[in-house]
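Okay, so subunit A shows up in both of these, paired with subunit B first and subunit C after.
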Partner chain A sequence: MLAELINPYYLQVLSFILINIILGISIYITLSTGQLSLGHAGFMGIGAYTSAIVTINYDLPLIVGILLGAIVAGLTGILIGLPTLRLQGVYLAIATLGFGEVVRVLFINWEGMTQGAVGISSIPHIGRELVTGLRDTGFTADMIGIRSNQLISVLVFLILLVVTILLISFFVRQHRSRVGRAFAAIKMDESAAEAMGINITYYKVLAFAQGALVAGFAGALYAHITAYISPSDFSYHRAVEILIFAVFGGSEVIAGPIFGAIFLTSMPELLRDVSEYRYMIYGVILVAMMAFRPQGLIDYNMIHKLKRLRKKKDQKTIDEKESKRHDIGS
Partner chain B sequence: MILEVKEITKKFGGIQALTDVSFRVNQGEVFGLIGPNGAGKTTMFNIITSMFPPTTGEVVFIKKRLTGKKPYQITKEGVCRTFQNIRLFPDMTVLENVTVGQHCRTSSGVWSGVLKLKSQRMEEESIKRKARDLLRLVGLEELEDSFADNLAYGQQRRLEIARALASDPKLLLLDEPAAGMNEKETNDLFELIQKIKKLNMTILLIEHDMPLVMKVCDRMAVLNFGKKIAQGTPEEIRNNPAVIEAYLGREEEDELA
Partner chain C sequence: MGNVFKGLLAVIAVFTLALMSACGGNSETSGEQSDGSGDGTVDVKVGVISWLTGAGAGYGEAITNGFELANTEIKEEGKVNIELITEDSAGKQEQALSSAQKLMNSENVSMILGPTLSTEMKVVAPEADLNGVPIMGTSTTASGIPQIGDYVFRNSIPESLAIPAAVSSAVEKYDAKKVAILYGNDDVFTKSGYDTMKKVAEEQGLEVLTTETFQKGQADYNAQLTKIKDTKPDLILCSALYNEGAVIMDQARKMGIDVPFVGGNGFNSPEVIKIAGDAANGLIVATPWFGGSEDEKVQTFVDKYKEEYGNEPDQFAAQAYDALYILADAIERAGSDDRDAIRDALAETEGFEGVLGEMSFDEEGDIVMEPTVLTIKDGKFQPFE
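What follows is the complex of A and B.
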């Protein structure tokens, strides 16, 4: 029964959606201080390569490799974020685009470490490692009536799901805190924010590093799910794709890039015929969004209205209870 | 004495916006900074708050040199301002705008915010309470959930004052708070300034509304073409020939034009 329900292919698509959601979150964080980065494919690549290399060459456990990948990407984020602080808007976009290209060329040319344009294969796979681990404890796939490759896909999906939910709640909470308000103030008016006592250098570098860290984390997960990476995975196209999640879904609230990632990743899968034209569609979306809804599909206003509706509903139920009490009283 | 402005000169390329301007503000007073359009008043505010550095001269606040510090450090020292061309955070609610003003007096970081530690929750509570108190002070308590952008002009000006007060300043700089206000709003503003003064705060006020300035200021300095041409009590300023000349001279120019 279970065995027929679990389709590894669909689970893989879902896993890629989750990875893309994490990438969407990474660009959202950077954008939440008003910094436009096209370097996130580079940070993603740094996370992927770091984790792949340390797990293969030094036999480090996967979890250590993945965390190390994220940290190295985050530190690179600080290094890039500091000197580019003064750059605004399109100048920052161009500088980070340059950074992404430098990283990609480095992956191609540092052959001793990265195996050049060929890429790195047989990277330890999260699912397979876990199934092997489980087997040692005596648990196998046929115990619950499914095949081993089904168990692998299920495990990968579940891990990514948990990680994504944790990340989302982390950043939702951060957004509602003092740090999140500082980010928002900087995005809306940098010099007013500074005049109100916010250390903009600190918060802008923090946001840049957090974005880089999360992108690196997504990259490391990606490496251990596909088991194969090459420099072309982290090219300019990827950078634009990540940005489009936020441009399409919206970057004002975290729901925006999440929706963008879900919609744009599932669209080519649902409509097989259009997947060839993927990048063309991205281009059209970019132009259309800039012309008609530059803040993206989901914006503050929409969230605010939803909240108000809920408040009104709550108020209504309170009123109803009140009137009932009065009825009883009279 | 709380603020000492020492021989400030500011050049923008060829324009000399301020020339050798000095004045001192005493603890607890309302000090007016007046002068015709383009006299250099806002430029003086920008130099006190380090939005840009002076060409020469320095600003000292309670024995500490402000010149060379960053704007956010100056706010932390206890000097906060409003802007002539209102600069609220437009997509934040009224309440959120005031909470941002408390940034430098609070300390929760990433982890305490994400883990919602007890200290952080208590801090958030007190931030909200204080923000509401300030909104009540400026008379905006009923609008706390509106977007700042949607407020009327006079309300936005009052919100800017509340946001600045949220940083617990010892010295409050107000740049034309009455601009665009009708008579009733200006009267409310007068009362608000009186209330703020009672909170043991010193105020440096730029304002074109002369009746308001004369009523509310203890002392004032007059700038014209970047130079200080007079200083004294409202009574002294009213009768100062150089001041009359500066204002009348402008009006005649306007009439000729």
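What follows is the complex of A and C.
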């Protein structure tokens, strides 16, 4: 029964969706202070390579590798964030784009460490390592009646799901905190925010570093799920792809990039039946979106409307109850 | 905001459930094995992963054309009935992995052919090997691929076989002692070609005068070529894909470098002649596929392919064509669509006669065959003597 319900194909697609959600969040944080970054592919690559290298060369446990990857990416974020603070808008985008390319070229040329353009293969896989670990403790997939590749997919998916939910809840809470308010103020008007006593340097670098950290984290997870990385995975195309999650879904609220990641990752899979046309349809959807909703699909207005709708409904039920009570009373 | 968060969770949950339940209907258990013993034919589902949309769609098209042509012929013979299920990977590792999972788990294929790129293969092959699904690459030439596992094969000759053949023929003919190497360092294919060139040069005792690099899409190679010209090499070993390679040859000839170029498999394309014209003369490559061969089998294949698709088959089409024949042969010997039986039969393939020549698999699942060394002379590819 269970064996028939679990299909690694769907879990695989869901896992990539979850990784892309994490990437979407990473760009959302940077965008929430009004900084447009095209360097997220670079941060992702730093996370992926760091984790792959330390787990292969130094035999560190996966979890240490992944956290280390995220931290190294975060630190690089601080280093890049500080000097580029003066830049805004397009200029920042160009500088970060340059950073992304530098990282990629570094991966290509630092052959002793990264094996150049050939890439690093046989990186420990999260699911496969876990299943081997479980086998040592005496637990196998047969015991719950599924095949081991199903168990692997389920484990990977569950780990990613938990991690993603934790990340989302953290940033939703941050958005409502002092830090989130400061981010929003800076996005609206930097000078006004500074006049209100907000330490702009601190918060902008914080947002940039948080974005880099999360992107590095996603990169490390990516490396341990595909088990192979090469410099071309972290090229300019990836940076644009990440940015599109936020542009498509909307960058005002965190639900935007999350929706963007879900929609844009599942679309090519759902359109598999129309094979050659799928990327055409994908393109048409993107163009239509930009024409009709340039601010992204989900924005403040939409959330407000939804809330108002719900409130009205609540109000209605309260009114009805009230009137009923009156009826009874009279 | 709390509501938004809750709503989001709900969306994720619903999405998960929808996908999970969707798979319930799709997955048929692989328990039922048809060996269709009634009329002696074996029915087999074979999955194909190919690059069909995007920049490299041309490769994917040639490959799938090769498969389809072979499949129609195999069906006519009537011994094996192969159903090809083709999925697009768009040249991306994630998509290749997802489509492999779909083929293995939703479609329950007995075997996978493809994917197109070595980078995709490195992600897909470990998964297929783990699931016990035989997988054969028809265009993946980077080193280390059949070594991934017992279920991983390829019938495309690796650079480590093609380049030594080309280099040793050239060295013999021109009595070369000093070489210069030029390669693209940001591409898996050209980089692993360079690694082979370096090794071959060492083994054959050639003196490497200089090693220069370039990047994908570069337009001006004068800096590298000037350096190479100054060192006066007997041969230039150039690991490049045809689009960059042709431009390099053009600029080299204009600069007055007239020594022969030795290239890898990626340099081997009629496009080189189209782009570089007369400058392409003197390119030496080793290839599994020579469409101008007198061999009857090759000529029938070329004619049939031209009739069906309107253009000459390239090496990708030829490799795909042969791959399906090798597979059909293995299935016939295995006599069922069982994955393990097909794997064992494939591994035993020996001395198979295809349009590429005589092919066998070594114990790792890598192809063993003699590549043909070709050179461009008078504006067309000719056997190198």
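The rule is short, and it goes like this: the second predicted complex is superposed on the first by the 290 of 330 C-alpha atoms of A that agree within 3 Å, B and C clash if a C-alpha of one lies under 4 Å from a C-alpha of the other, contacts with A are read in each partner's own complex, and residues count from 1 in each chain.
We adopt the following convention: a residue touches a chain if its C-beta (ideal position, glycine included) is under 8 Å from a C-beta of that chain, and two chains touch if they have at least 3 such contacts.
Computed from a prediction, not measured in an experiment: that's the story for all the values here.
Residue contacts after overlaying the shared chain place A:Phe170 against subunit B, while subunit C stays out of touching range.
Applying the stated contact rule after C-alpha superposition, one finds that A:Ile200 touches subunit B and leaves subunit C untouched.
Of the two partners subunit B and subunit C, it is C that touches the larger number of subunit A residues. By the touch criterion stated above, A:Glu101 is placed in contact with neither subunit B nor subunit C. In the superposition on chain A, A:Glu190 makes contact with neither subunit B nor subunit C. Looking at the shared chain after the overlay, A:Glu129 reaches neither subunit B nor subunit C. Look at A:Ile303: by the touch rule set out above, it reaches subunit C but stays clear of subunit B.
Using the contact criterion defined above for the overlaid structures, shared-chain residue A:Leu14 touches subunit C, although it does not reach subunit B.
Shared interface residues of subunit A (contacting subunit B in one complex, subunit C in the other): 176.
By the touch criterion given at the top, residues 170, 173-174, 176-182, 184-185, 188-189, 191-200, 206, 252, 300, 304 of subunit A touch subunit B in their complex.
Residues 49, 51, 70-72, 75-76, 80-81, 83, 87-92, 96, 99-101, 103-106, 108-110, 112-114, 116, 120, 123-124, 127, 147, 163-164, 167 of subunit B are the ones that touch subunit A when the two sit in their complex.
Contact residues of subunit A toward subunit C in the complex are 4-10, 12-14, 16, 105, 108-109, 116-119, 121-122, 125, 128, 148-149, 152-153, 161, 165, 168-169, 172, 175-176, 226-228, 230-233, 253-255, 258-259, 262, 266, 268-269, 272, 275-276, 278-279, 303, 307, 310.
Of all the residues in subunit C, the ones that touch subunit A in their complex are 1, 3-5, 7-9, 11-12, 15-16, 19-20, 22-24, 26-27, 29, 52-54, 86-88, 90, 93-95, 97-99, 101-102, 104-106, 119, 122-123, 126-127, 130-131, 142, 144, 185-188, 190-192, 195.
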